[in-house]
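One chain, chain A, appears in both complexes that follow, with chain B as partner in the first and chain C in the second.
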Partner chain A sequence: MALAPRLTASLRRVALSPRPSPLIQRFSPICPVRWTSSATSEPRQPDAEGTLKNAPAPAKTIQFTAETYPNLKRHSKFAKLTQEHVTFFQDLLGVESAVIDGLSKDASEDIEAFNSDWMRKYRGHSQLVVKPGSTEEVSKILKYCNDNLLAVVPQGGNTGLVGGSVPVFDEIVINMQRMNKIRSFDEVSGILVADAGVILEVADNFLADKSHIFPLDLGAKGSCQIGGNVATNAGGLRLLRYGSLHGNVLGIEAVLPDGTIVDDLSTLRKNNTGYDIKQLFIGGEGTIGIITAISIVCPQRSPAVNVAYFGLESFEQVQNAFREAKNQLSEILSAFELMDGRSQRLVKTVTGKKRPLEGDHPFYCLVETSGSNTDHDSEKLQTFLESVMEKEIVSDGVLAQDQTQLQDLWSWREGISECLGHWGGVYKYDLSIPIADLYTLVNDTRDRLTKAGLVGEDDSYPVVDVLGYGHMGDANLHLNVPVRRYDKEVEKQLEPFVYEWVQKRSGSISAEHGLGIAKKSFIGYSRSPTMVALMKQIKNLYDPNGIMNPYKYI
Partner chain B sequence: MSGLRILVPVKRVIDYAVKPRVNRAQTAVETANVKHSMNPFDELSIEEAVRLRERKSPPVDEIVVFSAGPPKAQDVLRTAMGMGADRGIHVVVEEKQALEPLGVAKLLQKVVAEQKSNLVILGKQSIDDDAAQTGQMLAGLLNWPQATQASKVQVEGEVVTVVREVDGGVETLKAKLPMVITTDLRLNEPRYATLPNIMKAKKKPLEKKTLSDYGLDVPPRLKTIKVTEPPPRQGGVKVDDVDGMISKLKELGAL
Partner chain C sequence: MALAPRLTASLRRVALSPRPSPLIQRFSPICPVRWTSSATSEPRQPDAEGTLKNAPAPAKTIQFTAETYPNLKRHSKFAKLTQEHVTFFQDLLGVESAVIDGLSKDASEDIEAFNSDWMRKYRGHSQLVVKPGSTEEVSKILKYCNDNLLAVVPQGGNTGLVGGSVPVFDEIVINMQRMNKIRSFDEVSGILVADAGVILEVADNFLADKSHIFPLDLGAKGSCQIGGNVATNAGGLRLLRYGSLHGNVLGIEAVLPDGTIVDDLSTLRKNNTGYDIKQLFIGGEGTIGIITAISIVCPQRSPAVNVAYFGLESFEQVQNAFREAKNQLSEILSAFELMDGRSQRLVKTVTGKKRPLEGDHPFYCLVETSGSNTDHDSEKLQTFLESVMEKEIVSDGVLAQDQTQLQDLWSWREGISECLGHWGGVYKYDLSIPIADLYTLVNDTRDRLTKAGLVGEDDSYPVVDVLGYGHMGDANLHLNVPVRRYDKEVEKQLEPFVYEWVQKRSGSISAEHGLGIAKKSFIGYSRSPTMVALMKQIKNLYDPNGIMNPYKYI
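Let's look at the complex of A and B:
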């Protein structure tokens, strides 16, 4: 699951303002270029004035996934949708708006939003969208589909970056948006129980009123749904502090393809009774069942938040700073983000904003602390800042003096993603790499592309630059190659080079974006044949007919 | 002529991004455990003073930053010194005995005399009380020329040219030093206090004083009767589908 880029990153920290949703970005035209790279690429983004510079002629349509991946063939065992099927769903759900029927009438406009993803990169041919309103309805839908061999794709907010939530061929879309109730919240334990279709920001605002915080935050929070977040095991910005969903999710209610309702909506922190089956649904990307509700433990919201921004001379110093931060800030450290100098220069070029630090540094870090006591935090932070300055670990730095500065500093990290799309496209890789080698990959990739004569200042070179940023605290690097156009030669240089490089260091080819359709064929770089075989056993056990989210994952 | 001696009064207020809440007794806004920072207009004043120094002509002899407020007001004085002010004066005033604009203006009049300032740059208003009176009252008490809501400031010799925003356009004023200027949002973009400068600011002198040091007794003239929040927005209605919406709109007579 992905951090969708932010349209207006600086707004992110304003808890009360509505988060720009990825859906708004649909107006962005895409580059009408064919490519089959597995790298996540982004559409062009508007610049600071909201206009697109050098925009290519907007493509009228999104390419069908089946055309992008010509090797994929529709599985012949799946039944074709008939009027009888549609009538069944209409009778089952009752409400007219709960079924979008593209079979008996032309509903292509209504269905388009469910058939394609927000990046306008993946597009399916589905003719039917069903929106169940209860777990029982999900159960009846799945049982019927399983009995009739109708393939389905579960869909939440449809904000993924790897094409996992849109159909490839004519799979029925099961959209969870109508299941949007918060079921309960216990203020003593901080445990929230809610339907899968609750939007992340709605859940977080609900918790904010009760001085709690959802242990997950990401750019797409205004659109993405918590069920989808759990199904894709989304990472995001709070992972360093609050850990992964594998730890925070206490219970799950899910429906198996045969209609069985798995009621494991436990609100217990401890429950050592047998296999922990719910973990299979977390990050399962809807391939063995549909999550209909979750229970999750939510920490207390921190009233005191501070942000500092550093310039550093080398990646060694970045590592030293990270160690110092862990050592001296310990429990109040809530984010440690890495940005290289190139990424910050590009943000400056695109946004034209004044940079927080004068001069140019090869590396930048953003450190956030959050705690319960302002005085306590400030004292710790002061000691930390003094020590990294005195030991000359950081060359320069600023500390946000107010909320506005705090948001502005964050925008230098969060704005990267949208600024990179400025030149036409981006090859994006989301990788887990042992921390000592984290940045070496960026240098190696840049050397490789430079040697191939692909990187340059003017339009004759496809590649603008090679840069890296990411969640230092999670050893998660975003390797990005902003390009002026998608180019076969660039792809050949990047793949499988990047995957092989990561494999050699036992890293992961997809840290938080998931597999979906984009990374499906590359799983072998991160998982052994034995592991993949075990995964296939699980898939076959719970979904013997293979109707759940086919053509993706493993 | 000798150089500029700039006085910049600053105020510690609830951070502008924080939603203020009224206390239970409805006597004031809740300030305990709420993030505070420097009044944004005062940041512009500091920045402008520092930029005047960077322009070098006329030379700036000293930038003194001043605040009257609770002990924590020291934080914003240190921030101001981190941005480039030379020294600070802090008159400790407890929150309960907060000064009114006239009280502040009288206090500043004394400080101006003491510091021999010839240019006072103030924020046009503080975002907590929104009184927007102190600058004007101070100019009146000192009998100095004033230019409010400045969006551009130029000093040449003894002559100060100030562009200010008014309804329907801008107005350009000229006056001779000494004078009072209040700042508006378009004046400049305040810099960050960098860590090395924050460290240096810790060693800059910060004088602690009291109202009686200035021989002032300014009892409040106003009494706050009641503070209430604006009425909450009326919640809307949720409809199930398009049909539901149409019938609801008909019911309300909108269709």
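Let's look at the complex of A and C:
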């Protein structure tokens, strides 16, 4: 895997002032340590053997979603796959590799990766995977499925966290990997047009060659596809700086269930001619159509990238640091990430790496700046560091001195998710909470599970720890509960507790991961009955037969 | 009117290097000149007497829209206003000033400003204006209108350019000016929640006190309302830097025709729980509901603002300058505006002001930077100026040395629109065109009108000139044809020529001004029949009786 974009950007030694202040000297260089570049905070796809390091369980033992959710019943209105259907798709797509036929022969080995998700949490029974090579093929596939009441699951890189991209029963998988061409890029406007199946990292590397950057970055970039990113309204690491896909995506080409091609692939920054219908597909999770291409405005890439890593004594100080960063780093601030002390201890335990800072702090932050002028950025960052040290907002900190160190500092944030899998399983919540209350949920959840006698250091306790990290700049908390085994008692303590807690503070029960199957039943904690009714109206309008990604979303 | 935000920001003398290069010396200080602060490039509302300086015609002679568009017929399904209806609204709203009743008495003087637009181009026959004071009142008004088949026009600041906010026949005007409270502001996240009727400038001044900025700025800021801005998806001067409202608006409260309150006033940057329905109201031009409140993420205000003004010899050089600006000014670039030589000569003719640069250039650009560090920004701008001079991209230029000069330089861009009205009328087109072709349309249009013998210096010719200016950074051209009188022959030459020209280049016939009544019939030049059909489906879904802002949009 190529290095992450932030890692390949040209770096520099921090230009400390000739007589560094005593405070700033504490930002000493850190020791370079090794960290594999595939470490991500978000999902990776299985390797060639279908295995994931630290995955909770081997592929064969993944429980079928239909068993995990016994209340879900296959809709009887949907047709069952026949040889005639399979032949239609084979004739339509021509290429042999474009159809994986599990009906007329045993293709379970081939089909398994499409039927289950990277977390090994969701598993369907699909007997057919089709891989269209063009928008017209997608149109013909969907029309046929709609006419014949065959349910489908659109699938991109299959890196989601809520089971949205794998079948529940026997839905046909429409995998977009063959639609992987970059269609155009305009260097003056920075507008990229590309097929939905282009891998995010491929798009970003292409843009890097042209001094631009994809306005979205996330751990799964090596596997996830830009069509899936848009369909799930992915947030990720660059949202603080570049804003959401609702603002950056300028156009979409999509196919409705009845085969209609939504030809809204505008490359204009401004186009006020009617309702912005494409927005419904952004975050629509493949439930009203399949995105086949997107156009997106991409910013200039910043040649100067700096990363600092702090230890702080309280969440109040984290908030103060964020306020100062927004104020002083302003236009160059590109990330402000939060990690609690527990998450950092855990990374240390699993990786055995040397920690960036001495001692132990209750909270850590990672601050990244990206700008066009190395010296200016260094000066701004230095002033910021001096001020947060002087005001005693921050207790200790380091500044990356070169690319290796920068990579290492990011690994203490991006490596959390992978390390969490170490003990067996993780209960993961992706929440938006007003900033002042953001971390209180972690404490409240820990107290609750501790009181219930579920947290402890030896194997008799299911829960290893309760911790939090996330995109502080977006008020987005990842509450994580690593466990030694999945346990009904733990689940009973967590739900609906977490959702009710978030609802009381008008937060979101799914900040960036979407609904999928995991959050479908909990939407009422974040949306009113009126909003849910309006959403159902939209679903019925575009997909009256309900063939698109059934059993999920709303 | 208070000064525009950019003008009140703390300014500074440009820090030229101790030994300025010969090139940069050409960026000499300009003479401060007087320019009234009300000069705008976009509409103002009539003053207390209902008059506009340089307005083409006094209010009484404005033609009724129904006469300008004789093909438009009042829908017979709509009810005619009765005393019973008026009494209902009077009882509902209580306050006497909240209802302007033109049915039971002659209120034509009071009602005129609500029946006609600031350009004196559109005029309706409404006999009733209602001014709700709360979302619940909006809900009751709409439900009553829907139940009784009374057509309505939602109205904000009534500063639009396409006749979208005034009635065509006897629609009831629902004016939002009484809903003008700022509901909340969070200083850590920068999220503002406010009623739809808050004036844009009031919101921005409120934010200025808290070191934040409204991520939208336009000439009409002293009159336009933020609800109207969102309903028309206003673009304006800050889009290049802060992006579109589709990205910045986090939540909307709106009322559907049947009285349903869409309670989607989220204050979360991330909330992936279902279809993003609020997006349909952004740019929906009041055709599916009335926005009653918005929540919007507001960036940190930049303390350092710089403005430079250039003369250039060709449109190719303008493109080169834009490329360099994007590349070198990157994160601090906040505006890149284009004005052709003709537009600048015209401002000179009308205002008699001293021009910022000696001589005459075919093109001019205004470049604004906004950042957090004055010295850094000056240095970046100076490096940029040196490079564009050295490469002979720019022929001449000035840099504002103080606030007065900054204001003056902006007046050469923002003053164009007002000056254009000097001769009687203006044909205005607001277009998105791929940047390389952007200015070709102005030349082609001028050639066409000249060939037709319509352009000349004395009163026998209807056309004064053909010129172009606009938001280069957004590929948004304002093609303007100032005329001595409106003339059918000129119209025949302009339309459909301009629209066909734009269509061939996959541009937009309405970049930021919307459709309203002016562009309704031309949507086919920018949208396919499929897209228009999908839009009609949405309209029918939310407003099956068609009472919302009829005769307009799609």
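Here is the rule we use: the second predicted complex is superposed on the first by the 494 of 554 C-alpha atoms of A that agree within 3 Å, B and C clash if a C-alpha of one lies under 4 Å from a C-alpha of the other, contacts with A are read in each partner's own complex, and residues count from 1 in each chain.
Rule of thumb we're sticking to: a residue touches a chain if its C-beta (ideal position, glycine included) is under 8 Å from a C-beta of that chain, and two chains touch if they have at least 3 such contacts.
Keep in mind that what you see is a predicted model, and the values were worked out from it rather than measured.
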Report for A:182: first if it touches chain B alone, second if chain C alone, otherwise both or neither.
-> neither
Is A:79 touching the first partner chain B, the second partner chain C, both, or neither of them?
-> neither
Check the contacts made with chain A and report whether chain B or chain C touches more of its residues.
-> C
State whether A:394 touches chain B only (first), chain C only (second), both chains, or neither.
-> first
Which holds for A:371: it touches chain B only (first), chain C only (second), both, or neither?
-> second
Which parts of chain A are in contact with chain B and also with chain C?
-> none
In the complex, chain A residues that touch chain B = 14, 16, 95-97, 303-304, 308, 354, 356-357, 374, 385-386, 389, 394, 396-405, 407
Which chain C residues qualify as touching chain A in the complex?
-> 186-190, 211, 232-233, 235, 239, 243-244, 246-248, 260-264, 266-277, 279-280, 282-284, 288, 300, 302, 319, 322-323, 326-332, 370-373, 376, 379-380, 432, 434-436, 471, 474-476, 506-515, 519, 523, 526-528, 530-532, 534-535, 537-539, 541, 553-554
Complex contact set, residues of chain B against chain A = 15-19, 33, 35, 37-38, 40, 79, 189, 192-196, 198-199, 240-243
